[in-house]
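After this come two complexes, each holding chain A, first together with chain B and then together with chain C.
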Partner chain A sequence: MENKKSSSPASFIDSTVVPGDVVLDLSSMTNQTIKLGGGLRQDCDAIPAMKAGTLRFSKPNKYWVESSQKRYVPCVEDTVLAIVVDSKADNFLIDIKGPALAFLPVLAFEGGTRRNIPKFEVGTLLYLRVVKANFGMNPELSCTDANGKAAEFGPLKDGYMFETSTGLSRKLLSSPTCPVLEALGKKLSFEIAVGLNGRVWVNAASPDTIVVVANAIMNSESLSTAQQIIMVEHLLKNIQ
Partner chain B sequence: MEGRISNAWRLTVNDKNFIKTALLSEIRIDGRKPFEYRKISIKFDRGDGSSEVQIGQTRVMGIVTAQLIQPYKDRPKEGTLSIFTEFSPMADPSFEPGRPGELAVELGRIIDRGLRESRAVDTESLCILAGKYVWAIRIDLHILDNGGNLVDAANIAALAALLTYLRPECSLGGEDGQEVIVHPPEIREPLPLTVHHLPIAITFGFFGNEGILLIDPTHNEEAVMGGRMTMTVNANGDICAIQKGGGEGVPQRVIMKCLQLATSKAASITKQIKDAVEAFNTERALRKIKRHPTSTGVDVRQKQNQ
Partner chain C sequence: MEVDREDGRSQNQLRPLACSRNNLHRAHGSASWSQGDTKVLAAVYGPKAGTKKNENPEKACIEVIWKPKTGQIGKLEKEYEMILKRTLQSICILTVNPNTTTSVIIQVANDDGALLPSAINAACMALVDAGIPTRHLAVSICCCVARSGLVVLDPTKLEEQKMKAFAYLVFPNSVHSVLPEGSPSGQGEPIQNGIITSVTHGIMSVDDYFYCLERGRAASTKLSDFLRKNLQQQSTDSSKAG
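Up next is the complex of A and B:
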């Protein structure tokens, strides 16, 4: 019974896996080129899970384990919200809620040269992209997209930043739009930036809008769609 | 070392400015009004003499124990009360194990002064044999989670633990009546401590511009505020202790305003502590009643559904 389960990948998709579960067996699959996302590792022909969470699959051949935690494990091409800790000659030292401080090269900006190095004071909030993330090394970040353009990356002005779990950040960025954001967006106008490292930044014209949006998002993690909409209506009634 | 730097909690420039700007319109980041307290929950899960208090995200555990010792030479007829704090590193990334930091010592002193100077706990009733044996009450406060305003939470934890603590009964015996026999709780009912009144600590935060004042600061607000003051008052309006440790200066009328606010908050918090202790005492008494197996007992399942 157990052996049968481990050799048929379809049975694990969208169900909970724990570290050690062999979710895929390459020898029994027709299309041998698959993409492994986070939480999976290749062990010769078997693919065991390394994190506890839900196994997800997206066509044509991408598999990954989705889990939510407070700590962030840096992955390449993630967009994160980071805080400047220090600036050195070649890099800025940045905190991304990961196991180590990350480096942002002073030249990693659009049109960045040695003459126009930006000056960030300690505590500046930046929206950045992870370029290199290897185990044991400090991750490297960049303030441009893959083509070298600025594309919305950079310092964020005003607003309020709060911390969430990584699962909630991913839910906020998913499409179709997360129910909490949709319900809030119908009545309020605000600007939001979500970092996959569990940080969210909100800005709006008035402080009470920011407070309502922040509290609504923080409360929405464990609620279902219907509950989220009810919670948002409740909060909005209190401020109007 | 690297791990500690990267794990430290940081506040961004945006947050600092936002907290101050929002306070100008009397809005706090968790939606409270400036003079509103967070929800306080008092639990007694670990038995007599121990309490777990939660104010919002802040959690403190208080444990009371007692020991027979020789009294101080200048106070032969009084027992002693001492407070020990432990700031667990799991509560906050900035807490280090080992020697208590400045904040820990200050917290211990505020609570100690509030209880000792106001004579909240009757130390004379702790004397068994004058000059030889008295009870030494020791309160241990463990900080489990730092969500801001540790002083108030720790104070409530200490009071709740003191109110539910039962000390063993003892009597004098031996040939010349100089020996103390401590009776185990199964033989003789242990006795509660005599607590005359409950000194409640209320902490205020000051923000320099525009003289903004708020009560019960959270972790972020504590990092941004310019000064803090803790007032320990009881429900009768007596001031037990005031502590203002550094920070910016405040005018006299602000201090008088804080006093009025503290007295009104102390009354409601005293009531909450007393209700929680009474509920625990009732439950404890009910547990001691041995029921006949044939009589109808309390249906636990029904209670949970309610």
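Up next is the complex of A and C:
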């Protein structure tokens, strides 16, 4: 049944939308410059949703559909954990769990010249930044920050990498700190790198710690804050 | 005219529906759909780089693989694959990820009538689970015409075999919109009045067919509501965390 909604866009914000739901009507809005994020498309004067998820709004004029998937949609300035698939003369071919392979230019390193090109084997895990993500083109990555400094980007040695959904990655990177990471950090010491493309890398002194941290993060996806803290306490009790 | 259906349902009553998403760990999107005893599992992998040989590289390509419960893959399975591929191609927005392939694999767990509609519903939910951008959802229903001329919805396998003719119909889901009702949206009629796919078997008169369409469209609104509730439930479950 079609529900008659009033033409104020506030009625859909923070509620679940299904593909096909028209969430905005441009002809009835006064401020006609709006920014559409992921999951929304423009169809003449109507803005229907393309994905199922929660419609979010951020002032002054940004709308997007928040959803959690196993695949990644490349966006500029995202930090991702990528795996080297192949190396060519000018680029490394990199897998970032997106629709196309990404390129890492051979010179996109701090102090990179033709003489000191790094040699990455197939399967190397890298922490990188997305520089270009244009429609129809392979995304481009870089091993430096915007100023050209290395800033912790580059290959990750040792440790353990596991895959998660993009929603969980965003939660782990949110501020204030995600409850599961805070609870783990109080008792254990470990190093973690989270890629917005749904990959997480953990490293610690002993393998026990790595396994506990990985399991805790993987279990925390559908739990509330209190449940996450209880779950972490249970896991920590077992190793002590 | 009352009809005695073996499980006591009325003419227009659907079997109990059940749908769950994200069942398979490795698939990028998955859904399991059951209507009564008919159960179908759908898995979606993609979008992955590259299209197949004869496909247009400026659009995304959808590949469907149908796995029957038993037996080898034959012409019937290939026909189902083709129908499913064309249905999914019309609901997906193919220009968003050009030069990619999305694979949809349908595994029949149990066949008790209305198999293709269940598979289409499962595939659509799996696409939503994988985050493939779609124009709207596809809602599918089976209507059959009995020898007495009565139109019955969602038959079981025994009922299907006794029927004179049946039609698998796929409609777009009913949408919530901020547009005021009856506004000219560019096209002539709103999208809800459209039909995506219609596959018929057997002999039925034109009037019977139109009556099937009407009954099917009415049932599709119930199915749309079920899909919407299902999607809302799972999104509130995951938003409780953190």
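Going forward, the second predicted complex is superposed on the first by the 232 of 240 C-alpha atoms of A that agree within 3 Å, B and C clash if a C-alpha of one lies under 4 Å from a C-alpha of the other, contacts with A are read in each partner's own complex, and residues count from 1 in each chain.
Basically, a residue touches a chain if its C-beta (ideal position, glycine included) is under 8 Å from a C-beta of that chain, and two chains touch if they have at least 3 such contacts.
Note that the structure is predicted; figures quoted are calculated from it, not measured.
Trainee: What is the contact status of A:K70 with respect to chain B (first) and chain C (second): first, second, both, or neither?
Mentor: A:K70 contacts chain C only, not chain B.
Trainee: Which partner does A:F12 reach: the first (chain B), the second (chain C), both, or neither?
Mentor: Second partner only, chain C.
Trainee: With both complexes overlaid on chain A, does A:S224 touch chain B (first), chain C (second), both or neither?
Mentor: Only chain C; A:S224 stays clear of chain B.
Trainee: Touch check for A:A100: first (chain B), second (chain C), both, or neither?
Mentor: In the superposition, A:A100 touches chain B and chain C alike.
Trainee: Identify the partner contact of A:Y160: answer first if only chain B is touched, second if only chain C is, both if each is, neither if none is.
Mentor: Only chain B; A:Y160 stays clear of chain C.
Trainee: Identify the partner contact of A:R41: answer first if only chain B is touched, second if only chain C is, both if each is, neither if none is.
Mentor: In the superposition, A:R41 touches chain C alone.
Trainee: Looking only at chain A, is it chain B or chain C that touches more of its residues?
Mentor: Touching more residues of chain A than the other partner does is C.
Trainee: Which parts of chain A are in contact with chain B and also with chain C?
Mentor: 99-101
Trainee: Which residues, counting only chain B, touch chain A once they are in their complex?
Mentor: These residues of chain B touch chain A: 2-3, 5-6, 8, 10-18, 21-22, 25, 27-31.
Trainee: Which stretch or stretches of chain A touch chain B in the complex?
Mentor: So the residues of chain A touching chain B come out as 83, 85, 95, 98-101, 121, 123-125, 156-161, 201, 206-208, 210-212, 214-215.
Trainee: Taking the complex as given, what residues does chain C use to touch chain A?
Mentor: Touch list, chain C to chain A: 28-29, 46-49, 93, 96-100, 128, 130-131, 133-137, 172-181, 185-186, 191-192, 221, 225, 227-228, 231-232, 235-242.
Trainee: Which chain A residues qualify as touching chain C in the complex?
Mentor: 1-9, 11-12, 16-25, 28, 39, 41, 43-44, 46, 48, 50-54, 67-71, 73, 99-101, 136, 167, 171, 174, 178-179, 220-225, 227-228
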